[in-house]
Amino acid sequence: MRRALLYALLAMAAATFIYPFLWMAATTFKPATEVGTLSLIPDHPTFENYRVMWSRARVGRALLNSLLVATVNTTAVLVFGSITAYALARLSFPGRGLLLGASLAALLVPGQLTLIPTYALMVQLGWVDTYAALIVPYLFNVTGILILRQFFLQVPRSLIDAARLDGMGELRIIFTVFWPLAGPPLAMVGLFVFMGSWNEVLWPLLVIREEGLMTLPQLLTVFRMGGAAGPGGLAVQLAAAMVLVVPVVVAYLFLQRWFIESMTGTGLKG
Amino acid sequence: MRAEARSGLLLAGPYAAFLLVFNVYTMLFAVALVFMDWDLVTPPRFAGVENVRLLAVDDRFWRAIGNTLFFLAMHLPVQIVVALALALALDRPLALRSFWRAAFFLPVVISGAVVTILWGAVYATDVGLLNTMLHRVGIAPVPWLTHPDVALPALAAMFTWRNVGFYVVIYLAGLQYVPRSCYEAISLEGATPWQRFRYVTLPSLKPQTILVVTLSTINAFQIFIEPYVMTGGGPLRRTLTVVLYMYRQAFSYQKMGYAATIGLALAVIIFIVLAVQRRLIGKAEES
Amino acid sequence: MATVSFEGVRKDFGPTTVVHDFDLQVADGELVVLVGGSGSGKSTTLRMLAGLEDVSAGVVRIGGRDVTALPPRDRDVAMVFQDYALYPHLTARDNIALGLRLRKIPPAEIDRRVGWAADVLGLGALMDRKPKQLSGGQRQRVAMGRAMVREPAVFLFDEPLSNLDAQLRGQMRGEIARLQRRLGTTTLYVTHDQVEAMTLADRLVILDGGRVQQIGAPLQVYQRPANRFVAGFIGTPPMNFIEGALGPIAAGVGAWGIRPEDVTLVAAGTPDAVTAEVALVELLGAQAHLHLDAGQHRLIVVVPGGAAPGKGAVVHLHLDPARVHRFDAAGNAVPRAD
């Protein structure tokens, strides 16, 4: 009996979290007259909202931009991050301790503090409205480097020694000895960097003005701000939101464990 | 090793350069900006402590701080209670356990932009989800985002919805480390479930609670996109947040120096609030 | 000629010196064992030869060539590690072949060498398995294969058998010895196990605290230990050290020592016999180790297993003065007059 109550409560809680998404999805398929109803199945489903969205704003372009920026950022973080993490973990060089300390300190700095100066820097470099502004500040991810370093510390030293004796150079060692072993941490870091980049909205708002270069989350907010009012307008905005959110939700359905683990780093079991 | 040191410097060099530019330089620049009046176009003008002086008496800034503290006061307790309750509910062999957990965590993986648009639709006065539901049971539509007294709590509720899943996971992980033997020991003493919770579970979860409080506080002070999109900081500046204000100063009024001052002040205030919270938690522990 | 020489080699880690002034000449084809306890500097010395550690002072030569400043890959050495250091994601075959591939040896030659190593080591059926599918002994053989195919000037072994169980260790010991004789490659072998050291070595280098205690052939080191440390380190059960006089043996400046196998049981009433009571009997089968109390002295004596008295029995010991090792105040052996 208590079990049934528990499940009922859990179901209600879960519904609170899931229902809004379902409602949003349903609304995007509703004609203007039906928007605002609670039903999850439209009486007269239509693609009109999507059509308007596609014609009103360059959603396809924004999607591509998001994809480009997220992919480049993730690849850069994983590749450069691995190289840096290896050096910090396994090579001794002057200034290593300092670099490590600076990394930890960098984690403590709140983002708002450096927001304006970083923007000013972009202006000074002439990078406003360029891909460079979206990519360069994210080439290295401190958290990712620290996570990879932690993992690399656990690879036995003798493996590196053997590789050196076999004649491998440092880069070779990183990518042919460490990487095959580092699947899980690379996936974790890769996932949270990719998601972070995909979802990021504040920074693009600052440095990108030109619609053709906007990322999708940014386009959404701009669209929303200047979008048409009224029920029809609402459905169109939601349609744009769907484009951003559906890939994430689909990936999430299959990779929940990975998403949760990479964002919370809690070492979940089951 | 000489060769090793050379390799190390070479491989770690780019990262060091990156930190230097995007962390050290920007931080120094941030402090420097505080003393300048600059619009990024004309040459900067040295302004001494003018920015700080202005900030100290700036109504809007302090209103924004007040909004955030009020926001925290509404959001944090609810967040902790709900996250804890859900985590406790999930901390047992359960059918579909991963499903429940995934459901609660879902909003966390979604972009802030989507959350704001979604909840913009939920809170919309005319065809919004909530008002439609209320209409069904005969309640008049509530101006969720347009009434000065309702807007901020509405945002707080949305914020809780968005983030609770994250803390459910944090608490769940913490619960797995509570030693079963402690539960057994206290049960043998005849403790009620409430007592068990109060004397074993809750104290064991202290690190997680500290984490929840710290992260939520930092997040609360950093809110930008939600008020920016949904309310524009209104009505009557009741949902103005500090970052939003900073953004306006920088991009609507081109006052980079003043905006940087706001940023610095915010960092200091966050630090103070976190320190106070630490102190309070320590006191609560002793009592 | 793959000779190895260490000339005045020293290693410092910051202010601490872990290897002091190490001199050693190794002949071509010789198997030299570096033996000592933890922290004795033996592994560090080996790694300096490999190029995995920098040399703080001194010169290292291989085949007469000064390799002190060369990186590991240019020294023509191959190493077998205590934890095998096999690449986990490669098969045994690829593990063995990798070093050759990186050196751009032609594929036909690689196959030949890998095949040969597999034969010699009996790895045939296992070549396509990954390390985690192999037992400890098998992994060790793959590690040896990897070293062998390089046909290096010098083999280096860093405690390769420490992770194996006792029985396997004995077996592998024999295989390594046979392999080395067959290939004739100069070998430096590090271990803390003095049984391994004694059975494998052409010559032993005994280290303690980063300093060489003695260099010599096993029998020589056993019969004429240079100091108290060596005397007590080499030999199982360890040498008995006595302070003062016992039976016919007079007291010396420091302690004197006599090996357990040099003390014999005699009948009661034999002249100069020492009386002792058996405190503990360790029966090993062919031998028994008797732990004895003789007055305030404790001794271990080795007797044939079948003739072991029981606990509490009173026995009579004959200590042969000719077998006594004497040491001076500094612990150095006082040479005997024979």
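When the chains are written out, they are named A, B and C in that same order, and each has its own residue count from 1.
Here is the rule we go by: contacts are C-beta pairs under 8 Å (C-beta built on N, C-alpha and C of every residue); 3 or more make two chains touch, one makes a residue touch a chain.
The structure displayed is predicted, hence computed values, not measured ones.
J.: Closest chain to the overall C-alpha centroid, by per-chain C-alpha centroid: which is it?
T.: Of all chains shown, the one whose C-alpha centroid lies nearest the global centroid is A.
J.: Report the chain whose mean Cα position is at the greatest distance from that of chain B.
T.: Most distant chain from chain B: C.
J.: What's the distance between the Cα centroids of chain A and chain B, rounded to whole Å?
T.: 18
J.: With chain centres defined as C-alpha means, what is the inter-centre distance between chain A and chain C in Å?
T.: About 56 Å separates the centre of chain A from that of chain C.
J.: How many angstrom lie between the CA centroids of chain B and chain C, rounded to a whole number?
T.: 62
J.: When you check chain B against every other chain, which residues touch at least two of them?
T.: 1, in rising order.
J.: Out of chain C, which residues touch more than one other chain, so two or more?
T.: If we look for residues of chain C contacting two or more partner chains, we find 71.
J.: Touching chain A in the complex: which residues of chain B?
T.: 1, 4-9, 11-12, 14-16, 18-19, 21-27, 29-30, 33, 38, 40, 86, 89-90, 95, 97-114, 116-122, 124, 126-129, 132-133, 136, 161, 165-166, 169-170, 172-173, 176, 218, 221-222, 224-225, 228-229, 242-243, 246-247, 250-251, 256, 259-260, 263-264, 266-267, 270
J.: Taking the touch rule as given, give the residues of chain A at its contact with chain C in the complex, in rising order.
T.: Spelled out, the residues of chain A in touch with chain C are 156, 158-159, 161-168, 177, 180-181.
J.: Within their complex, state which residues of chain C touch chain A.
T.: Interface residues on the chain C side: 47, 50-52, 71-73, 77-79, 81-89, 98-99, 102-103, 146.
J.: Contact residues on chain A for chain B in the complex?
T.: 6-7, 9-10, 13-14, 16-18, 20-21, 23-24, 27, 35-38, 80, 83-84, 86-88, 91-96, 99, 102-103, 105-106, 109-121, 123, 137, 139-140, 142, 145, 170, 195, 198-202, 206, 216-218, 220-221, 224-225, 231, 234, 237-238, 240-241, 244-245, 248-249, 252, 256-257, 259-260, 263-264, 266-270
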